[in-house]
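Before anything else, here is the set of structures, which you'll find just below.
Note that chain A is present in both complexes that follow, paired respectively with chain B and with chain C.
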Partner chain A sequence: MTGTSHPDWLASLRRVARAKADAAGLPTRRDEAWKYTDVAALGVGSFLLAEQPRGAVPEVAPLGDTIRLLLVNGNLVAAPDEPLPAGVVVDRLDSGFSAGVVQAHLGQVIPADAKSLATLNSALFADGVVLRIGAGVKVDRPFEIVSFGQGGDEPVAFHPRCLVVVEEGGSATLIERHLGSGSYFSNSVVEIALADGASLHHYKQQDEAAHAVHVATTGVSLAGGARYAGVLVQTGARLARHEVHAALGGQDASFGLDGAYLGAGQQHLDTTTFVNHVAPGGASRQVFKGVLDDQARGVYQGTVLVQRGAQKTDAHQLSKALLLSPHAEMDGKPELEIYADDVKCGHGCTVGDIDETALFYLRARGIDEATARHLLIEAFLAEVLDQIEVEPVRQAFAAVLGERLEGAHATRRSDDHRQG
Partner chain B sequence: MLEIRNLHASVDGREILKGIDLTVPAGEVHAVMGPNGSGKSTLSYVLAGRDGYEVTAGSATYKGQDLLAMKIEERARQGVFLAFQYPVEIPGVTGVNFLKTAVNAVRRSRGESELDAMQFLKLARKKAKELGVGEEMLRRAVNTGFSGGEKKRYEALQMALLEPSFMILDETDSGLDIDALRVVAEAVDAFRNPQRAMLVITHYQRILDYIVPDKVHVLAGGRIVQTGDKDLALELERSGYAQFVGQAA
Partner chain C sequence: MSDGMEQVRSLTDQKYKYGFVTDIEADVAPKGLNEDIIRFISAKKGEPEWLLEWRLKAYKLWLGEIEPNWAKLHHPPIDYQDAYYYSAPKKKDGPKSLDEVDPKLLETYEKLGVPLHERAALAGVAVDAVFDSVSVATTYKGKLEEMGIIFTSMSEAVKKHPDLVRKYLGSVVPYSDNYFATLNSAVFTDGSFVYVPPGVRCPMELSTYFRMNAEKTGQFERTLIIADKGSYVSYLEGCTAPMRDENQLHAAVVELVALDEAEIKYSTVQNWYPGDEQGRGGIYNFVTKRGACRGRASRISWTQVETGSAITWKYPSCILQGDDSVGEFYSVAITNNFQQADTGTKMIHIGRNTRSRIISKGISAGHADNTYRGLVRVLPKAHGARNHTQCDSLLIGDRCGAHTTPYIESRNSSARIEHEATTSKISEEQLFYARQRGLSEEEAVSLIVNGFCRDVLQHLPMEFAVEAQKLVAISLEGSVG
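Entry: the complex of A and B
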């Protein structure tokens, strides 16, 4: 921690959260929302709370020309020192500069849930970050928030926190990256409040260290005509859970989230979404594509709630998984709860393996089997990556997916060798 | 170039090829005709190495090597090319990426240098133009949303790019309009040379006007039941296959 004392309201928010988190404990598989993912079993409850990082700041190449913030173990170590566009504020949550905005939104975007790890984050986060885009301000340069985890001799826990407020008619792009080394537990919370007509593109990369545990709770509140377009690419961590709560509270709001994930070894990758259509005319679209190899396990739980007043809602969710190994596993549970009568809703959930006919066609043109598989997997994930409108980001995310696929093939080839 | 001896093959435990004998010397074109379901595509898949097509007896020798022992991609690299009766749609894989990967895989195996992006594009555009394949088709996903005729032209384009030495054209003519048939057939015919050979599977005489075969075989009930010269195709056009149907089973 920084030693500066928090303002009263923040201190009390943290106290209340602390009491709730202590009383509730970590989620267990008896909680419906955590049926498939056992985070407590990994011992994260006993990890030490990370201290201020010592030593060199890790080097992470930026994804193009971005306005960058770097958090190490939840502590802000690098903030933009260049002048920001007019109408843009980037600040620490507790600095007081944006106290009004912070107070209005912090802890408000994600529904209160005593069991959730978001509460634990509220109790324990170190330096939170607030990003505020003023009314009518359109920021072209993307913001890039990098959370870097540094595990020491003992595994550590930290709780990155971020609040994004886009005021009436403003628009911005946020790149959120989670990287690291060693063994740690990152319990991140991002709250996004979009006012009338505001718009945010949000590109998140979860490429944590192989031994890390990553839990993220993202809340998105959308006022009238607000637009959120998210892309989530998960390749890292031994266990990861990305939980999204979206509330379309204003008329004609639009929420889109596309996800691509690649799991190998013993990885466990969970995406859980709650999309709440409150107001009429809203649209939500979710497309998740996963590739699971070895003994990896994927989870998609998606609940779409269409409330009585949310007529003319258009809601779709689709989860598709490719299993590359007989020991990989996918649990998909899309759910629609509809209380309005004039709506268009659909969901789908498929699990399959690589299209053998396509594989034969490629090989019949001289392409070796590993490359042919690689092409087909990339093609499968391309639909998601193509949603990324910032080219350096799309390329970087695609490159990491490509590398991981290569890695998996290389291991398999050497395994074949040993057996042969 | 290709020697098939007493080839038996089964799909899902059902015997489809029941003893095929067929020799295609270098420089020759052989047409294969025969009723629906007689095993023509099965023969082409067996030669290309498709999984699930189990060879239960017999042999196929290509340039003196055991073709059936080679992996699918190995056969292609050695110069065996199958133009599919039903080309496969592969959403998400762009034509340029697919074709370049294939061309370079084959070039590598021949000890030739790989083409870079510019060199490849230049070549692909030239060949595409010759075959009436639109440039925008190169940018689209492989076969995805192509019309029946477009798919067949695209097969011909792949052949032109990979420069195989043994081609199996499985009903490449069906689906092509009259003009496209001429363009594609003439391109295939121009490909003939003393080092190359091909099997042209077809139901219609018309393609054989452009690619005049050295021999015509009738495949019925999983066997070659008759072999003749190019006139056999004309005769079949008149008489149909009734005379062979009883004979085959």
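Entry: the complex of A and C
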């Protein structure tokens, strides 16, 4: 997609974003929001913008019976060719067919701040996709959007873009997967607008290639009584940051996000959330569980803002991290910013090793230490996976986590063996 | 509910009790800040060359720095040239004993409820009273001297114990530490100096009452407390200030050093003028307080009750260097009207098996903003480090804000860090329960708020605990939303 083919309003949105992003440059650790994550350090600033992919479309097995879209390096290469359920539209952002809806929402849910990498995405995305669920439409089959990164001889950069609009009383399930091979920088933006009483289940898997840099900005706007339930599983990428901006603008909206991440080697996994309670009666819940091995580093930054007038808000965030190796690191910054008095808000944050007494309990029952540790870690992460209501998705996410854990153990065992 | 609103109003209408000005001819340096002023301060105090050099180094660095803006505080820009940096009560050959102290000064303390001789005699408290910038009366010095404890003003310590001062001054908070500490290093006028020799347990609570007096005089105290091996000292700091319409800047530095198995307990009740109900005036309080647990199994504990000041910017911290050392931070911060507090602590775990505990209670009413900001950092060699943090906020009324910003950084897998925070209001049920048992609404609120703060207040020494409980009650009684 080239700039010239865009409708005027979109071209102008991109121009403004381009100017902002050019002026601001990439964020550095001097920016408070990027204090713990140095996205520029891996040279992504000099990666070339990916061109139209050539060659065969990569094979990615679907997660059950889903309505699939495949993006390669940010370009839409496979759209569903089957008839869609009534009241559902899947389209390109610039097609004109959904122009009204797109224009009303695009760029509205993500931060307009120039340092945000979402601004860079607005300036540079190739094919954007819009997914629209009509009023009162309840779609049972999950949508599955796969973003595949293909690094060539030189590392490339691309900016996948997706807009999801669920109209009054509609409901849907979205599976978002990030996979790939080689070395690349994926800077994804997903904007989700939920109208009154709309609901969305959103399962995201970040299992990018080992040398990839993944930055994702997800914006969620919730009108009255809207519900969002997200689960995020991060296992891939050399450096990854998942940033969520949720605004509970309507009364009695509900936002839930659970995350599990598993880092090993030199991985750097960052989860940053910003939940903005604007209207009264909102509920938000966040639970993040991380396991960090080797020299991996985990970051959790979460802000809950309760604005004046957002009375009866019930907001909770919890971050727990296990450090499995003496060189792993965890940095947490859970923040509460409260301007209303009749609220229940709390957060908890823990960092530590596996509970010695639990380990002792299992070992006393004849289970060897490696297996016992494995069991405890699986149990630790299970709380997050159990939030997934689509069985094939839960199984697939659990399988990837299990595989990685097993891999880490295999390395450890052979290390032990060498030392022994 | 409407009763509650009435009481909020009656509370906010309360005028600041300690607002009065004592008229004493001050020996004042010209207004403004430049190298000459610093030379003037240094000369006035008869300081050695190295200290003047140190001040000038700090001043030069400060000139190139900009005021930090990361805290959740809003205030008009501070004009550092529009203030006096030195003022001392006129000396008439220097007082030899309490009888010789300017009676007006003693009167001031009496108004504050600190009659020196009585308090000293009855409570067994040694008071190194700082009146504006120079210590004028020190009691119980003899008794302390017998035990080898040095408790004196910083100016005197520079003259009498230059080696100790030179060794430790700036060793915890270097002159380059932060904007306000750098300013303090350049212009500090006085403060307290305490040295407790090895194995000595200081038999009484050491206490200094700071009080700003001369108009437009910023206070730049510098306090240094050193607890040598196996010693113990408890230090109390309490403050009130006269009522003013113009903001007064206060940028103190407190440094604590605890060597092997030594313990320092530092308690503060800060009740400076908070500004009026429209948010006019009040003290700007930018303080750097830090303790170094340098020795093995040393212990530093900060307890603070912050009810005053228009702006509080304060993070009493512990550097846990020695193995098995312990750092503690207990804080109650109450903001009302347009007060803003951004306060918390830093616990830096360096040594093995270091432990830290943080309990912070923030209470916000009126249009005030109250922020807990804290850092717990565990470095790679801090095996077995342990931290527990509990931050609770209470909001009274729907125009105020309560915020929690903890930074948690762990680089050791054997360390355990736990952080918990809650935000709530006084529940109708609790109030109803208490009122049903015959308590007035004011008494009920005071009871509930004191209960909310109990975990912190119980760490204060007796002398302060009573005063603090009253302060908590006075600051907020009846203000139920």
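Everything that follows uses one rule, which is that the second predicted complex is superposed on the first by the 416 of 420 C-alpha atoms of A that agree within 3 Å, B and C clash if a C-alpha of one lies under 4 Å from a C-alpha of the other, contacts with A are read in each partner's own complex, and residues count from 1 in each chain.
In this text, contacts are C-beta pairs under 8 Å (C-beta built on N, C-alpha and C of every residue); 3 or more make two chains touch, one makes a residue touch a chain.
These figures come from a predicted structure and were not determined experimentally.
Asks: Overlay done on chain A, so just call it for chain B and chain C: clash or fit.
Replies: fit
Asks: Based on the superposed arrangement, let me know which partner A:Glu337 touches: chain B (first), chain C (second), both, or neither?
Replies: In the superposition, A:Glu337 touches chain C alone.
Asks: When the two structures are overlaid on chain A, which partner does A:Glu32 contact: first (chain B), second (chain C), both, or neither?
Replies: A:Glu32 sits against chain C, while chain B stays out of touch.
Asks: Residues of chain A touched by chain B versus by chain C: which partner has the larger set?
Replies: Partner with more touched residues of chain A: C.
Asks: Between chain B (first) and chain C (second), which, if any, makes contact with A:Leu48: first, second, both or neither?
Replies: In the superposed model, A:Leu48 contacts neither chain B nor chain C.
Asks: Does chain B (first) or chain C (second) touch A:Ala399, or do both, or does neither?
Replies: Neither partner.
Asks: So, A:Ile367: does it touch chain B (first), chain C (second), both, or neither?
Replies: first
Asks: For A:Val57, select first, second, both or neither according to whether it touches chain B, chain C, the two together, or no partner.
Replies: A:Val57 sits against neither chain B nor chain C.
Asks: Have a look at where A:Val351 lands relative to chain B and chain C in the superposition and call it first, second, both or neither.
Replies: So A:Val351 only meets chain C here.
Asks: Is A:Ala78 in contact with chain B, with chain C, with both, or with neither (first, second, both, neither)?
Replies: neither
Asks: Applying the document's definition of touch, where does A:Phe380 land relative to chain B and chain C: first, second, both, or neither?
Replies: A:Phe380 sits against chain B, while chain C stays out of touch.
Asks: Just to confirm the geometry: in the superposition, how small does the C-alpha gap between chain B and chain C get, in angstrom?
Replies: In this superposition, no C-alpha atom of chain B lies closer than 14 Å to one of chain C.
Asks: Please write out, lowest number first, the residues of chain A touched by both chain B and chain C across the two complexes.
Replies: Common to the two interfaces on chain A: nothing.
Asks: Enumerate the contact residues on chain A facing chain B in the complex.
Replies: 355-358, 360-369, 371-372, 375-376, 378-380, 382-383
Asks: Enumerate the contact residues on chain C facing chain A in the complex.
Replies: 70, 380, 393, 395-425, 481
Asks: Would you tell me which residues of chain A are touching chain C in their complex?
Replies: 32, 308-309, 311, 321, 323-353
Asks: So in the complex, the part of chain B that touches chain A is made up of which residues?
Replies: 48-51, 71-73, 75-77, 82, 84, 87-88, 90-93, 97-98, 101-102, 105-106, 109, 141-142, 158, 162
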